[in-house]
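Two complexes come next, and they have one chain in common, chain A, joined by chain B in the first and chain C in the second.
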Partner chain A sequence: MKARGWLVGLALAALVLLPLFVQGTYYRFLGIVVFIYGIVAVGLNILAGYAGQLSLGHAALMAMGAYTTAILTKALAPVAFFAVTGLHIWLGVIAGTAAAAAFGALLAFPALRVRGPYLAMVTIAFGWVIFKVLQEWVSVTGGDLGLAAIPKAQIGPYIFDTQNFYYVVLALFAVALLLQQRLVGSQIGLAIRAMKHSEIAVSSVGINVHRLKVLVFVISAAFAGFGGTLFAHQQNYISPDNFQFFSSVFFLLAVLFGGAGTLLGPAIGAAVLTLLPEMLHDFEKFRLIVYGGFILVTLYFLPNGVMGLLERRGAAPAGGRSARHGVQPDFAATAGASLELDNVSKNFGGLQALRDVSFRVAPGSIHALIGPNGAGKTTLINVIAGFYRTDGGAVLINGQAANISSMHDAARRGVVRTFQTMKLFGDMTVLEHVLIGLACHSGAGFRLLGRVRAREQAARNLAAARELIALVGLSRFEQTPSSALAYGHRRLLEIARALAVQPKVLLLDEPAAGLITEEIASLAEIIRKLRAAGMTVLLIEHHIDLVVSISDRVTVLDYGAVIADGPPAAVQRDERVIAAYLGPAHALA
Partner chain B sequence: MPLLEVSDLHIAYGALEVVKGVSFAIEPGEIVLMLGSNGAGKTTTMRSLAGLLPPARGRIAFAGVDTSRSPPHAIANLGLALVPEGRQLFPEHTVQENLELGAYRHLRRGRRAEFARSLEEVYELFPRMRERLGQPAGLLSGGEQQMVAISRALVSRPQMLLIDEPSLGLAPIPLRSIFDALLALKAGGLTVLIVEQMAWLGLEVCDRAYVLDNGTITLSGSAAEVAADPRVVEAYLGRPADRRRGATSDAPKQFGY
Partner chain C sequence: MYFFLQIATSGIATGAIYGLIAVGYSLTFMTTRVLNFALGMWVMLGGMLTYSLLVLHGIHPLIVLPMVITALFLLGLAAERFTVLPFLRAGSDVWVMSTLAVGLLMIDLAEIVWGRSPTPVPPVLGKEPIYLGQVSILPQQLIIIAAACIAFLALDLFYRRTLTGKAFRAVAYSGEVSGLMGINTRRLQAVSYAAAAALAGFAGFLVVPLTLAEPQLGTVLGLKAFAIAIIAGLAAPRGILVCGLGYGALEALISGYFYTGIRDILGFLLMILGLFLKPEGLFGRGVEERA
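Right after this comes the complex of A and B.
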């Protein structure tokens, strides 16, 4: 990391000094183009690389920026005040960036419903509509002829030509890279990266995924629009042809080529893809074939892009066995809430998954929910945690109707769950998973700049995350990507992430699946600690020994209905429970 | 001659070595259990045997053929079938389609009669498969899905099965039927390597067992020997009094947790 910092510094120094050694404006002009495209690519990288939202409409967002500033500055240029101060240029840059950001928010709405290739289609359509509007709305945009005589960038009486604008755009490009780094390293950056892997899990820790998505689109569009404004003031002439579909493809290609989801990827991609065609002039009419072939071959051998190869995860998972009988830290005191289900029903089409389910989970108790596979246990958790709406009945928390509207709403109100089919964040580390869980209450979510308080908060979060990871016994795996964890360890990570949200009611969906006896014993110890701290735990589990040894009360579901409810020993004796679920092996005589 | 022979197997993810020199052999008709805590390298070994993860070093020989560099489909075609961790069914396809994909190497050559015969064997093992044939696999209960996963491997008419964690997420009754099915397969003479966290169940069906710890084999022996080893009792079985072998005990149990 440190070495890379030096390399980036060296590269910047080289870019600053380069113009002193080359003659003419040609190379400076090329540099400006690379930097502008780089800024747009950085924006797309945040959206597509980090957040996993594919866009093929970024040229249109760039156009929004370019046209807004062009129209505005052309209108204001005759005013003497602006001609003297040059303020209209910078007003235009701000307005253009804002206009693109607004359209980014608009573009986010389809992304709330569709994803992957469908989202790409929507963004293509968006780009096409903008392109057509630019062509047809002649009175404002100049139609196919475009807008000419756009003022050059200017501060006071000083007007930037290509020679000097090079340095301005270089500085702005460096700022864009820095902003990207800050964003990705922040709490919100963690959430953005997590969203790429599981939106459901992100909302389960109390983050409003819809808002997050709109925010990412706005940020990304702002970068594109900002790049567009610089483009307008550099070229002094823009037309719809500058912002065609192929330009959008170019930006996506630059991101993929350089390495999607890497800090420097978009810079490298934009540089190589801009400069390469210039270097291929010798090939004349075969130029584009060579260009295309080069990209094809590179992506074949470097499927994760140039930086993907260089950044290949150095963080190796720790070796050795899991911490057995290690000292677990205690869990901070929690005010556990009571959870009550009052005649809860849920239907899927004709299938009645839950029928008038009623039972009460006392605050600060461990309550087990058992039943055959397909009895509706996970459906019930989904209802309690706000993933499904009930079709009848109510969920009460501390005696009040909860009316939970969404998963993040549930999490914020202290109802937090783990997932039977685990939903972890792919290549993100164990530590990062738990830090995301802490985002809900730490309030550091939307702070981008490194203020002192934010830094203190980050230090507190780090300490809290480490403690939770130690609690579940994964300390040796802090830097391990979740995808490299063994099955049972992933389950423990799900618990640590949920605990980070500071639940009042914790819903555990088969936490012991895939654990060996010894590991289940430590899990039992953890759950007992949570109860001792005051937390309410609802546990779905098939390891009957675990259920019986730690639960205060057990509810049994079969075909969506409660068939037994009582202390473990009584449930184990129940004939219906033995017939439907336990079988003779686990029956208590 | 052993059907599967593994010598000095090393498997790594990038720089991290997960399996560090494992050697074992499985004779035809044997059921062998592999025990180990999470992260010990069991699933990694299974994946490597099935060709999903090429080993860094060492030799895997199946039916006399060196398969350490073979792609997964070639290994499957040699008759080594994997029932993967978490079942990995094709959830939107019907049970029949899942099974047809399992029998792909036979159906591709037009051996429908063979497939029909395999189906009959599957019905014998899991009578419920017959009525579930037309349903999407993803809508079945956990136990039934595990039955489909095992059946899908069986209809390829393998010489040997690799079964990774068949008990995952199963309620007690379906869990019992899965292990009863494994006992039936054992009686039929099938060779099986099984990874199972519920050690008492695994030890009930297997002939021999290995304990994998931190990427190396630390214990091996007959099922009875391994079950009696104090380390195994401590880590995998809990106190002996806690465990029963399918029978109802009359005294209230003490629990190991």
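Right after this comes the complex of A and C.
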């Protein structure tokens, strides 16, 4: 980490000094182009690399920035006041960035519903529409001929030429990289990276995935638009050709080549992919061939991009070095709530998955929900945790109708779940998983300002996270990516992540599935500790030994209806339960 | 009414081409979840090969067709082996880049071999329009519509009636389980990719007399076909034909009644709207995400 910091500093110093040793404006011009493309690539990296949302429309967002500032500054330039102060440039840059951000938000709405190649198509279509509008709306955009004589960047009466603009853009590029680093290292950054792996799991810890996605699109688009404004003031001439589909492809290639989801990847990608074709001037005819071949060769040997090879981890855990002890996590103080189901029904087409299910889970108790496969147990959890809406009946928390509207809403009100088929965040570390869970109550913020408070919060979160990791016995694996954990440890990590949200009611969906005997024993121990701390636990489980040994009360579900409810020993002897599990013959015997 | 029919007819011919290319996306998506992002360039390659064999070498079109299809199928096999297979396991996005890279290579190669200037290719059955009542249609457009219908019918029969076709659908559902059932999923993946390339080549063969032979001929075609595959739903080949024909007609009507400039703007806006309202495609069946 340290060593890389030095390298980046050294590279920056070299870029600052470079123009002193190289003659002519050509190289400065190239440098400016690299930095501008770099800024756009950083924006795309946040979206595609970190958040996992593929975009092939970033050239259009860049065009929004470029055209907005071009039109605005051209209109304002004749005014004497602006000619003297250069304020129109500032206005243009701000307006251009804002316009791109607004379109980013617009683009996010379809992205809430589609993903993968479908999202790629939406972004392509978006880029295409913008491109065509630029071509056709001649009175405003100049059509195919574009806009010429865009004012140069200016501060006061001082107008930047290529010589000096180099330094301005270099500084802005450095700022963009710094912003990216701060974003990725923040609580929101953690959630953004987690979203790439499982949106459902992110919402299960109380984060509004829709808002998060819109935010990511807006941030990413703002970078692209900002790059676009710089481009317009550097080139002084823009036309739709600058923002074709292939430009969008270029940016995605730059991000993937440099290393998607790495801090320096976009910088490297933008530099190499801009400079390489320039160096191939003599081979004009073979440009795309060398380009395409180069990409393929890179993919073979650098599957995760250049930086992927050098940098194993995208970001250091927030506040990783400032661990402070003695800060108590709040979870022990959490008072469990009661959970009541009142005639809850849920249908899927003609199938009635839940029929008038009613039972009560007492606060601070361990309540088991059992039943044969397909009885509707997971459906019930999905209803309680806000993943499905009920078709009838109500869920009551502490005696009040909950009206839970979504999974993050449930989590925020203290109803937190784990998943039967585990949903972890791929290559993110154990610590990071738990930190995301803590985001819900620590007021997740993208804190660029107020660093002191943010640091204190980070330290508190870190201590709380460590406490929870210790509780489930994963302290040794704090820095291990979840994908490298053993199966049983993954189950425990799911529980730790859920606990981080400080649940009043914890819903465990088959936490012991696939565990070996010793692991089940330690799981039982953990659940008992939670009850001792006052938490309410609703446990779906097939391991009857575990259920009988730890639960205070058991509800049995069969074909979507409650067939028994009572203390474990009584339920065990219930004829209908025996019939449901073993068939009627055994019940009679 | 006459004007409407006239425009719609030629639009449907364009739509048939869109449909043919679009079903190529569906072929690979169903088996590997991979899309050949440069399929339009493969259409171009088919078109340029046709131009080369037909015009430059004077070979009969009925011989040119199997030559083009075979060539593209073999090239598709090679491309799959060297630019898709190595990345299938690597990461989700890498194939986007590798298939695009192949497309870039193709454009440049085509420019070197055939030059940049657009060249006309004579239609197989001449340029005299055929009259159906008042509505005129070019013989080439008729061929295109007929060929697309035959191709789709064959594909549909293949999927539903043959064992290999059923294996394709099984792999689409779950590659892992299909493997356990003794299906050679690896071969199906390669063949589906090559078949998509061959279909693209077929589309290129059909369309090149209507456009001009030039290295950029496939880029926009590929993009629109992609849009159609997505609107219809990548796993719904029948829907793709319907959407392709419909989109072609719609496009032609927009150009006919408004003006050409706004055609793609409206078309793509509709597509975004459609995806927003029905994310899995008009004909796709939604797979509810489980928690």
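By our rule, the second predicted complex is superposed on the first by the 555 of 589 C-alpha atoms of A that agree within 3 Å, B and C clash if a C-alpha of one lies under 4 Å from a C-alpha of the other, contacts with A are read in each partner's own complex, and residues count from 1 in each chain.
One rule holds for everything that comes next: a contact is a pair of C-beta atoms (placed from the backbone, for glycine too) under 8 Å apart; a residue touches a chain by one contact, two chains touch by 3 or more.
It should be emphasised that the depicted structure is a prediction, and the values quoted were computed from it without experimental measurement.
By the touch criterion defined above, A:P303 lies against chain C but remains apart from chain B after alignment on the C-alpha atoms of chain A. Of the two partner chains, chain B is the only one touched by A:N373; chain C is not.
By the touch criterion stated above, A:A521 is placed in contact with chain B alone, chain C being left untouched. In the superposition on chain A, A:E340 contacts neither chain B nor chain C.
Shared-chain residue A:D545: touches chain B; no touch with chain C. Contacts of A:E432 after superposition: neither chain B nor chain C is touched.
Once both structures are placed on chain A, no chain A residue is touched by chain B and, in the other complex, by chain C.
Those residues of chain B that touch chain A in the shared complex are 13-18, 35-40, 43, 85-86, 141-144, 165, 168-176, 197, 199, 213-215, 234-238, 242, 244, 246-253, 255-257. Within the complex formed with chain C, the residues of chain A that make contact are 48, 54, 109-110, 113-114, 116-118, 120-122, 124-126, 128-129, 132-133, 135-136, 200, 204, 245, 249, 252-253, 256-257, 260, 285-289, 291-293, 295-296, 299-300, 303-304, 378, 382, 385, 387, 407, 419, 421, 423.
Across the complex, chain C meets chain A through its residues 29, 35, 83, 86-87, 90-94, 96-98, 100-105, 107-109, 111-112, 219, 223, 226-227, 230, 234, 261-262, 264-265, 268-269, 271-272, 275-276, 279, 281, 289-291. Of all the residues in chain A, the ones that touch chain B in their complex are 312-314, 316-317, 319-322, 324, 370-374, 420, 484-489, 510, 513-521, 524, 542, 544-546, 548-550, 569, 581-589.
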